[in-house]
């Protein structure tokens, strides 16, 4: 073993504290160091994942106190998969925005990279931690970085978006704390495995209330329907790569938290059906809102919300197949939506309103970016032979095996809606005449490399899904096996 | 209309929340039967092996020290975000919303009080493992000292660079101590110093060190927050 | 490595390389394009052994690729027509923009169709089906933003169909635990009745879209007429046959096994018949040759659907034979229109006339194709139609015979219009410079015309493979069996009895045309086609006075009331209503942060109130 | 819950905390001024913190500090109040502070950008 899970938190924090000092030595360091940190963590996460797949989950205790006394981090196949995904996307976002911020002053650049790094670290922390209060702390780290990143650009309405996000975020943290305290007051512990072990002792009413508070709080971050008012605004107003980070990293962490609570901690009946219901509502409302959008990033944001709804539905099947499908969907969504955000923000680079009509005819000026955008659009609606198809097939298979015919039909009908609005944009990029006052901006080399990498992954997964399915099967088996998780954590001393 | 709706909704929410907590019960053991709450373990282990008097400190810094690291990060981030949100291209020195000296009583009094406040703050965070208080409380006290000075003097200024250096160094100390523990004992934030004697200043292993770092950090960060916001002019056309 | 892999690799690699070769040299691109279609086609027919399957596992799903006689028959259409159209396309695309784009999608759609025929499992079937859909969609919108809505209509219909199929596929998987088509067929008779009914319906929806069956056909005319003609010949000729292929499989392997299957067949047959009538009536009204052919395609597909829906041995022979013939003559006709459009810049009857001397070879192929289409002996269309009538009569569908007969008689009207509009009439000065299309374009047309002639004379050449194909589907050796019962087959083939008669009919017909042409040519005085004025009416300056304008005016005045109710309108109204609802729904996002916070409280409160119900 | 043990005080502490929270919610959701909204949000936090601390309280319990005196005439550890909620509330307060600071900074930005503090006029992003 080359390291332990705690390094995923400790090293970026150390680096975050160091970067302002390093910046005093050489200003370029504030851009370089986060990249180095993320690269190291990516390598580390891949190594650890390799180890975990061969030898079983790693449970690391902090400060030498075994569970349930101290805080512990769990690096299992599931969390490991998500960590690799997040670090990878984080690295890509960093690489994409490396020169993007050239024209920005030193101070904001420093803060941008700091916030970005903490965003990723917070999300990774949410996934790794085995303690509900610690998860709360990481959620707050993630949210505060997200507030800052949303409001990063002056001149736009970014502060408005960010303020909405802050409002929702505060409400979320209130409910989260309430839920945590209810659990603590009943079971006297904050460790997830320990709670899961004892949850059957709890007063059923209190259990339900705390679950409701948890879902509400996490649902705000995970963009569940009535709770996602902030999401389109924040996606639309944040810098392009940050939108990708939201879709690919932050939401994934929140969804992970919800399913961890649903699958492992709580033993309520009906939670799965509940996930299906809210997932379906989210999916339908988001996709219908997306089709009438006039702004590209808002459209992508709604699409992202919709996909998360679908992920919820897939988790709601409650079968291993369903979990597999949902994880596959998460992976595909992270990669494809990032590509769409990356390429989309170059397609509307110099426009003020980021209207969809401003991408008209961009294919002549930005051929590769347009091609990649089209690839992403095709992939996300699930057309074979691209990556999105396999996850859609997996979702459908899981639905059929759970006898959810109606859900299947609804999801497919909504997919048609999704298809229509993506095709409209792609058609605009390729077949419309460019609007006169829009000046295209050529992507920088690093951005281009990032986008091509993502495109290559989409094709790779599309043509050779075996590259990921083995891992995903292991991860989903790990999530389903609750007793094993409890045993793994509680047996550590 | 909206008000009525909100009040109705809040009434339902309040009812359920209140009932939930009434169910839990106030002022008496509320853990369900058959559960051994962690607080008993914490209380038992605070004296031995940790040799810390203040159980809250032992929890905050040692048992759940990881949370505290996150908490410090949240503060650090808040300052960063604040700087990013309120960043303006040219920093005009002395451009403050409060542009007058306070009366001489206040100025003289603040000068007098300032060292005392700083001393009190330092005392609170150095003795965090012995008595109520700790790094956060001490840090806040120190920051109030700076707030007092900023309010009293028109052109009192704090060096941004110095703040950020203190902040960074304190943060590095915290994370560094954690990593040292990692190298020493195999787990992050593990104690690697001798425990000392209970109720002495030098006890509790790494806990005082961390709390001192936290104290500095909180002080620097809160001062930074105050300073950044104070330097913000209130006009709408910025 | 198995030949099948090599075929797909060449297709895929060829598509990519062709796309990028345009950056190096145009001719290189053309050559690569031809290579990546013709070489796999050759390999397919030379090396792929019938009945041998390749098995592989992808993403934990076991797939199987292979071919049987039935799919081999369709691959003949796909790869044969595909190759010829590819050669034609090289000429057609000369000097056009976005050649790389066109070639790329052309190759991919040929690959996808080959893949569909090779698929022995539902997942790869679906994958190739979707690739076929999007590649053909991309070619449909080749002509820019004007056709955007047409393209999207095509794609939406295809997607609805495809998703219906996906549902059926996963349901089958749920029941059988496998994606193999063989397993599905095996398990079908033992399924629950609801599944037995729904699975075929959902499959038929997908295939019905591609085969332009009646309520699902609205995309077809637009898509067919707006794609570049070099592709439309494949689109209408081969791609729509994928629908027929799938439909046949569903009917034979599933519907046959349940008592309710009769109803499926009746409904399908009638839908086919109605499609034929509607398509024909619309075709007659068109002034644009592309539109005309597009509607005509819809109509022809209607016959084919009727044929296979009836499902007797003779009807199957008829349907499949018509399918092959349709690929041939509609492929040719679209190529003809493409050539005319390429040479003159328009495909409208009201503008181009008198091309007979300018483009004689094109005319020849058009003539033969039209004869085949109209079902006049000695060309193949006649044989097919005859068999279809006979099968309808022998299976007691008298009413349907009338419907089909009406449609095919009415088809004469547009056939005539097509031939006359373009080729006959006066030569306009405007078109004096028009030359014959380049050999690359003419050659494929002539080859296909030749095939039509041969198949018309010796239908056994193609009926034999069809017979093999049907045997692969479990039919008896129908060809031999029908030998004695069918009038047409009885007297054809080896024992040529009817042949001389038919030839004399054809000879007389040709002679008549030649005579009229000659006679007419002698007796005409050269005036502009735009010089005719109707009695008493003074034409305005900007009025188009070509004789083709309002060609069938009286006819469609007669049918107008029936035509007014287009299904299209209902679909559009539905889509508009849907979008209006969506517009309303998205106002939930009011933009006020406080409202969003209230939503959160509402969410919590609702959950708290219904907590006993939910959990 | 044994109702005989239930005194009015028991209702009072939790009740007050919940009511403080509700007041905060009301402020955040009804008041039009951005500043009042932020105040509302921090009032929610206050109520919540009160609630959390109240959970850790035991009747007649001492502070969880092992002072010299405590150790000399050793009382039972179970006489101490629960230190965990106190530790948690410390974290919650700090985080609440961070969020409030960010929110206020955003209010400054919004005021600069829109020239108003009325949330009804800050609705450029919708649908």
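Going in written order, the chains are labelled A, B, C and D, and every chain counts its residues from 1.
By definition in this document, a residue touches a chain if its C-beta (ideal position, glycine included) is under 8 Å from a C-beta of that chain, and two chains touch if they have at least 3 such contacts.
This structure is a prediction, so every number in the text was calculated from the model and none was measured.
Asker: Looking only at C-beta pairs that count as contacts, which pair of chains has more of them, A-D or A-C?
Answerer: Contact tally favours A-C.
Asker: With centres defined as the mean of C-alpha atoms, identify the chain lying farthest from subunit A.
Answerer: C
Asker: Measure off the straight-line distance from the CA centroid of subunit A to the CA centroid of subunit D, and report it in whole Å.
Answerer: 29
Asker: Quick one: subunit A and subunit C, Cα centre-to-centre, how many Å?
Answerer: That pair's centroid distance is 44 Å.
Asker: CA centre of subunit C versus CA centre of subunit D: separation in Å?
Answerer: 69
Asker: Counting in whole Å, what is the centre-to-centre distance of subunit B and subunit C, each centre being its mean C-alpha position?
Answerer: Whole-Å distance between the two chain centres: 73.
Asker: Two or more other chains touching the same residue: where does that happen in subunit B?
Answerer: Within subunit B, the residues that touch at least two other chains are 2, 6, 10, 13, 16-17, 21, 23-24, 30, 37-39, 42, 64, 67, 70-71, 74, 77-78, 81, 85.
Asker: Mind pulling the residue numbers of subunit C that touch at least two other chains?
Answerer: Correct list: 586, 589, 591, 593-594, 597-598, 601-602, 604, 608.
Asker: Can you list the subunit A residues in contact with two or more other chains?
Answerer: 133, 137, 140, 144, 147-148, 151, 154, 159, 162-164, 167, 171, 178, 185, 190, 205, 209, 232-233, 289, 292
Asker: Please classify the inter-chain touch graph. Allowed labels: line, ring, star, complete, other.
Answerer: complete
Asker: Looking at the complex, which residues from subunit A come into contact with subunit C?
Answerer: Spelled out, the residues of subunit A in touch with subunit C are 163-164, 167-168, 171-172, 175, 205, 208-209, 211-213, 215-216, 219-220, 226-227, 229-230, 232-233, 268-271, 273-274, 285, 288-289, 291-292, 378, 383-385, 389-390, 392-393, 396-397, 399-401, 403, 405, 408-409, 412-413, 415-417, 419-420, 423-424, 427-428, 430-433, 464-466, 469, 473.
Asker: In the complex, go through subunit C and note every residue touching subunit D.
Answerer: Per the stated touch rule, the residues are 586-587, 589-594, 597-598, 601.
Asker: Under the stated contact criterion, what part of subunit B meets subunit D in this complex?
Answerer: Where subunit B meets subunit D, its residues are 2-3, 6-7, 10-11, 13-14, 17-18, 21-30, 37-40, 42-44, 46-47, 52-56, 59-60, 64, 67-68, 70-71, 74-75, 77-78, 81-82, 85-86, 131-132, 134, 136, 198-199, 225, 228-229, 232, 234-238.
Asker: List the residues on subunit C that touch subunit A in their complex, please.
Answerer: Interface residues on subunit C, with respect to subunit A: 57-60, 123, 126-128, 130-131, 133-134, 141, 144-145, 148, 151-152, 155-156, 159-160, 163-164, 166-167, 169-171, 173-174, 579, 581-583, 585-586, 588-589, 591, 593-597, 599-600, 602-604, 607-608, 611, 614-615.
Asker: Quick check on the complex: what are the subunit B residues that touch subunit C?
Answerer: The contact residues of subunit B facing subunit C are 2, 5-6, 9-10, 12-13, 16.
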